[in-house]
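Down below is the structure, laid out as structure tokens.
Chain IDs A, B, C and D follow the sequence of writing; residue 1 opens each chain.
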Amino acid sequence: MRFAFEDRQVEFRDQLRSFTEKECTAAEVRAAWDSELGWSPDRWAAMAELGLLGLTVPEDLGGFGFGFLDLVLLLEEAGRSGLPEPLLETVGLAVPLLLDLPGPEADGLRAEVLPRVAIGESVLTVGLSSMVAVPAAAGADLLLLEDAGELHAVAPAETRLIPRPSIDGARRPARVDWDPTPDTLLASAAESAPVLARLADRAAVGTGALLLGVADRLIASAAAYATDRHQFGVPIGSFQAVKHQLADALVRLEFARPVVYRAAWSLDSAEPAVSRHASMAKAYAAEAALGAARTALQVHGAIGYTWEHDLQLWMKKAWALSTAWGDAADHRARVLEALLAEAAGPG
Amino acid sequence: MDLRFTPEQDAFRAEVRAWLEANVPSEAKGTGPLPSLDTAEGFAAHRVWEQAMFDARLSVVSWPEEFGGRGAGLLEWLIFEEEYYRAQAPTRVGQNGIFLLAPTIFEFGTPEQQARYLPAMASAREVWCQGWSEPDAGSDLAGIRSRATRKGPEGEGGSWVLSGQKTWASRGAFADWCFGLFRTDPTAERHRGMTYFLIPMDAPGVTVRPIAQLDGETGFAEIFFEDVEVPDDQVLGEVGKGWSVAMATTNSERGLSLRSPARFTEAAGRLLALYAEQALLDPVAAGRSADAVARAAMDAEAYQLNTYWTVTRVLGGTPVGPEASMNKLHWSETDLAIHRCALDLLGPEAELLDADGRPGPWLDGFLFALAGPIYAGTNEIQRNVVAERVLGLPRS
Amino acid sequence: MRFAFEDRQVEFRDQLRSFTEKECTAAEVRAAWDSELGWSPDRWAAMAELGLLGLTVPEDLGGFGFGFLDLVLLLEEAGRSGLPEPLLETVGLAVPLLLDLPGPEADGLRAEVLPRVAIGESVLTVGLSSMVAVPAAAGADLLLLEDAGELHAVAPAETRLIPRPSIDGARRPARVDWDPTPDTLLASAAESAPVLARLADRAAVGTGALLLGVADRLIASAAAYATDRHQFGVPIGSFQAVKHQLADALVRLEFARPVVYRAAWSLDSAEPAVSRHASMAKAYAAEAALGAARTALQVHGAIGYTWEHDLQLWMKKAWALSTAWGDAADHRARVLEALLAEAAGPG
Amino acid sequence: MDLRFTPEQDAFRAEVRAWLEANVPSEAKGTGPLPSLDTAEGFAAHRVWEQAMFDARLSVVSWPEEFGGRGAGLLEWLIFEEEYYRAQAPTRVGQNGIFLLAPTIFEFGTPEQQARYLPAMASAREVWCQGWSEPDAGSDLAGIRSRATRKGPEGEGGSWVLSGQKTWASRGAFADWCFGLFRTDPTAERHRGMTYFLIPMDAPGVTVRPIAQLDGETGFAEIFFEDVEVPDDQVLGEVGKGWSVAMATTNSERGLSLRSPARFTEAAGRLLALYAEQALLDPVAAGRSADAVARAAMDAEAYQLNTYWTVTRVLGGTPVGPEASMNKLHWSETDLAIHRCALDLLGPEAELLDADGRPGPWLDGFLFALAGPIYAGTNEIQRNVVAERVLGLPRS
């Protein structure tokens, strides 16, 4: 039992933080939200240079072959910085999904796509037929889509996209209209079922990790503001009402962290309870981020309610990501079901 | 106790309902919805709508007839509001004047001021904005720094020269007039030496900078005053007594007049409809929100009941007092709960904007509700007021 | 529309308050809890003298023939003072239930029992077969009990009582074992159904009224303590953390009041939505009292956790009464169901 | 990161589990449950139980072997606790000494003091209570007034005379020893001039008044000191440095040692079982608690995970620090949530006592949980600590 990250993992996170502090300031995030694409191809290329995009790509295909435990701190940092690029969709979801596909039929696709992902020349996203809209669909070079339980690989040219803008200006969801054909088919429904289950778990943990970073940023901003802003002749952070709201928000966040990290470990370790762990991660992180958003806005007051203040960027991320891939209540229901089944024992 | 309305009240409700049904701009009639208040075109359209209400003597039913009202009671006002929200009629462009300034003019204004300002306000020929907060005086209104210096002789017939900066002025971008506090005695301590001014927004020296809100719309503005000259008859109440004059306004803002319960019962009604709709699509998922829906609907109804309770007391001659702070806490939390619950019911659709990039009604309402615990005195300030003035706890 | 009590109703409440301030101090409440019966026959007799016990008894049977609107403030005062006597059970539930019984068959029972209730010589209680235990069963001279949907009047001698003590020392619930016979039968299941529905509504509103008083007492005690108690050199009531907790508790209480009062009016006015109003009353008052108990204890700290401090008396009332006749969540579910039915319209 | 236990840890767990299964007093074995700790008979029975654990070297697994422990690590301690709660073993009569005082003796005690006090404590031959709070110094520990005056020569070999009053001493009614702070320099300001004393409860001048709790049991006591003479070798740490010595103890109380996550995961397991049971009887009513059950169970598990996270950090050499206040906030709220949820599931049965007039396990647990946000530093104090020392907000 050793519940801590390896130095390498922390160093990789620190490296991404140095990068985002220069290349992904709030002004950069804002510029991305205002851009046509919603994110920056230049920054994507720079992320490839850093080795980020090949993180989950196997070594023989030009990547590192790392797991979710290596990714989770990076996703957290992506949330903290508001990184607009589809890191989760490409590196956290699509690549592992391709690797999960059974049989040598998928080898060709993997050999074709994954080396290009690692060098930043292919952006991927994933979508389910139950989704109202698929995030990052417009910028993707390949879409991995589920239909009637089957998985398909669809080129952008074969899709018609109807943008469904999100309140989070970088997510760029779109309704994807497309026709499944034998050419697009990746896996039968039977083959796809376990792959889709793992996708759902990764999505829950990955979104949870983003939300940890979002909550962290919101709380840090509010604490800084409460220290600077004076009313009634004192910093507002000296009022118990402000202190206690922020303390409660921090407690929610700090207790969400190990829950998310454990779920990342469970993903890599084929833990039998991985789905429960993943749902706990999403539920906990969503509550932490929503609570942090509410508190951060209340601490800021009217200034936090303006377009020009950066707080909105992270509040909107919190609102959007908290419902993505199932909201907290959905996931708690899954957790309860799993706990009752575990308690009842196998059989 | 009798919780039924009188036949006269029922008749009044029927009249209001019929008029609104015939006149509220709507898609069906080809007259609506009106463009956004945050555009020049929309602002003008909203003025036209208020003028129509004024002509029907429905704009300010509780005002005396001489100023365009009907001299109706508070209960009739509540009935009017219920019908107004039921009809999903346009947001009232004149509400800052009608709900926040008018009570002060009725209490402190001279007969000339009342005649000069009230009818124009009620018909939206003149739309008012509030010059209240300053960048360094948000929750701490007594920290106001904008100042007015005397020009000309003391007593009648002189004027004041205003300078400073106000912020978070709703409707500020297009308003005709502004009301606010300025410091006329810079040597006086925090709550003293302030005076209440009425300022035309086209006066030389007034500059407006619209501020975009969370939704990107310019719902409020900063107003800069550079040596703006204002004559004595645009002072409301006594010179130097602005704080107590303003507190009367603040009490109306926090108390009954601004937050009509109809706003929340109407939203709760829509929430119930949304729940019923989602429960047909996915009963298990919707069921997870059942308790929250019930709570939100109950909270809205409790606010309505509490308003009738308070209105009966006020009609009996008891003023609202610090209980207004309890109302503020309750309605602002209720509004958030209703909208949070609706977003939860919408699930993955909650984050999506309309095709034109604007938040849909629930997301828009949520963003609006988020401001509730902040404006008109933060909820933290309100809790202090309740604890100190209702429960008698010692001041910090 | 006039949402206020009549002077007479307020005066009656004030009269009861003067009485309880002398005759039902915290020490008296404690003595009652420690007593064999759980309440005081002497105080019951004094309450009869005040005219309290005939409040709902018709005038021709020696009472006032008043309704729930006349009773609700008295029940609130009973909660505030911790009055241990079964006022709700006898005056608020059993008497109206007897009056609701259809047909002249019940006239004889009413003529026999109700005049004795009014002069304090008969204590009544009511019980449903679904109840784990019936409050005030041991001291009752007549028990009105439901079995298989039928209502029965059962003399104590025909019952076997197994005490099931409550954390509220005055409630004295007991499991009642008894045998329904044709002699005990008051009304058939069909006749009883609407009577039992009205009983449930009255019980919800009456318990709600008691809880308002309990919440009021808890908040007042905590506010007084917060003003007296000093820590860190100042009264603890000057800390925002204490202020804000108490303010929130007070808001919950003040918004519960009109909800309970409206329900009392609806009971007397045969409002179609009376059951929804009654459930709202119970749900709101229970949350107000539970919240007040939690806050009052936190404000008092360790001293409030002791047996010798009187706070326990009202906290325990809050806990016990909040689940009696359906807890807040049960009642909210009823409210939601009714609201959806109302929205769907008749038919 | 590796969240699996080592084979050695698994073997340790198996040993503990086997021993507890064989030895925990139980109805089935005819040896339990033990009588209430709040009676003389029960207190004695609990001493016997701790002696048995001590003999098996399971009483204080993380202590060095010379004092009766096994020199086991923190992880083994957590494993022990998980098994202890899993086995529903008796409440530990020695816990105030073992968890609150012992860390301080390890850090500040002389070798003689360690040898004198620790083994007797671990075997419950000597049971300790905490003389911490005073009637006017609850949350404000620095307001302590009890005092010690010097008797005899300065330096070695003299003694101190203690007077004053302590309160809320758990186990105070039957404890053998008491530890607490007394003011040795009455002229020093609030946090200074205090000294940490170890006092036998049978010393002349010590009087104990048991205090009954909410449940009627005398779980704690007031202790009166009237000229109680205490020799120098019963001072822990330096004279006048009692505050910093005490803070070490307070940190253990708030941090890891007292609130083992097993207590909450065990209760959460029972809550799940209760939910499953009630869901069979009335699925609709139980369903209304589903979300609360899930939250409570998750909160307990999150506390467990956070503990492993913290322990790993501590094993890596980083002290716990003010994060301990976050733990206190989380476990106390979790404990309340678990028990409130259970009472909600029990519905009308929640208010009922057992046939002997005692609260049943859930009601008893609820009453106990209510004390959580109060003792060991109220949650209000903890939030201040988190805000000031973790988030760096300015002091009030």
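Everything that follows uses one rule, which is that a contact is a pair of C-beta atoms (placed from the backbone, for glycine too) under 8 Å apart; a residue touches a chain by one contact, two chains touch by 3 or more.
Note that the coordinates shown come from a computational prediction; the quantities given were computed from them, not determined experimentally.
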item	value
Between A-D and C-D, the pair joined by more C-beta contacts	A-D
Reference subunit D; chain at largest CA-centroid distance	B
Subunit A and subunit B: spacing of chain centres that average the CA atoms, whole Å	40
Separation of subunit B from subunit D, taking each centre as the mean of its C-alpha atoms, in whole Å	53
Junction residues of subunit C, two or more chains touched	239-242, 244, 329, 333
Subunit D residues counted as touching two or more neighbouring chains	288, 291, 380, 383
Subunit A-touching residues of subunit D, taken from the complex the two chains share	1-6, 9, 75, 269, 272-273, 275-276, 290-291, 293-295, 297-299, 301-303, 305-306, 308-309, 311-313, 316, 323, 326, 329-330, 380, 382-384, 386-388, 390-396
Subunit C residues within the subunit B interface of the complex	1-6, 69, 219, 223, 226-227, 234-235, 237-240, 242-244, 246-248, 250-251, 254-259, 261-262, 265-266, 269, 280, 283-284, 329, 332-333, 335-336, 339-340, 343-344
Subunit A to subunit B touching residues, read off their complex	131-133, 164-168, 171, 173, 230-232, 236, 239, 241-242, 294, 297-298, 301-302, 305-308, 312, 315, 319-320, 323-324, 327, 329-330, 333
Footprint of subunit C on subunit D - complex, ascending	133, 136-140, 143, 167-168, 211-214, 216, 284-285, 288-289, 343-344, 347-353, 357, 359, 363, 370-371, 373-375, 378-380, 383
Of all residues in subunit A, those that touch subunit C in their complex	239-241, 244
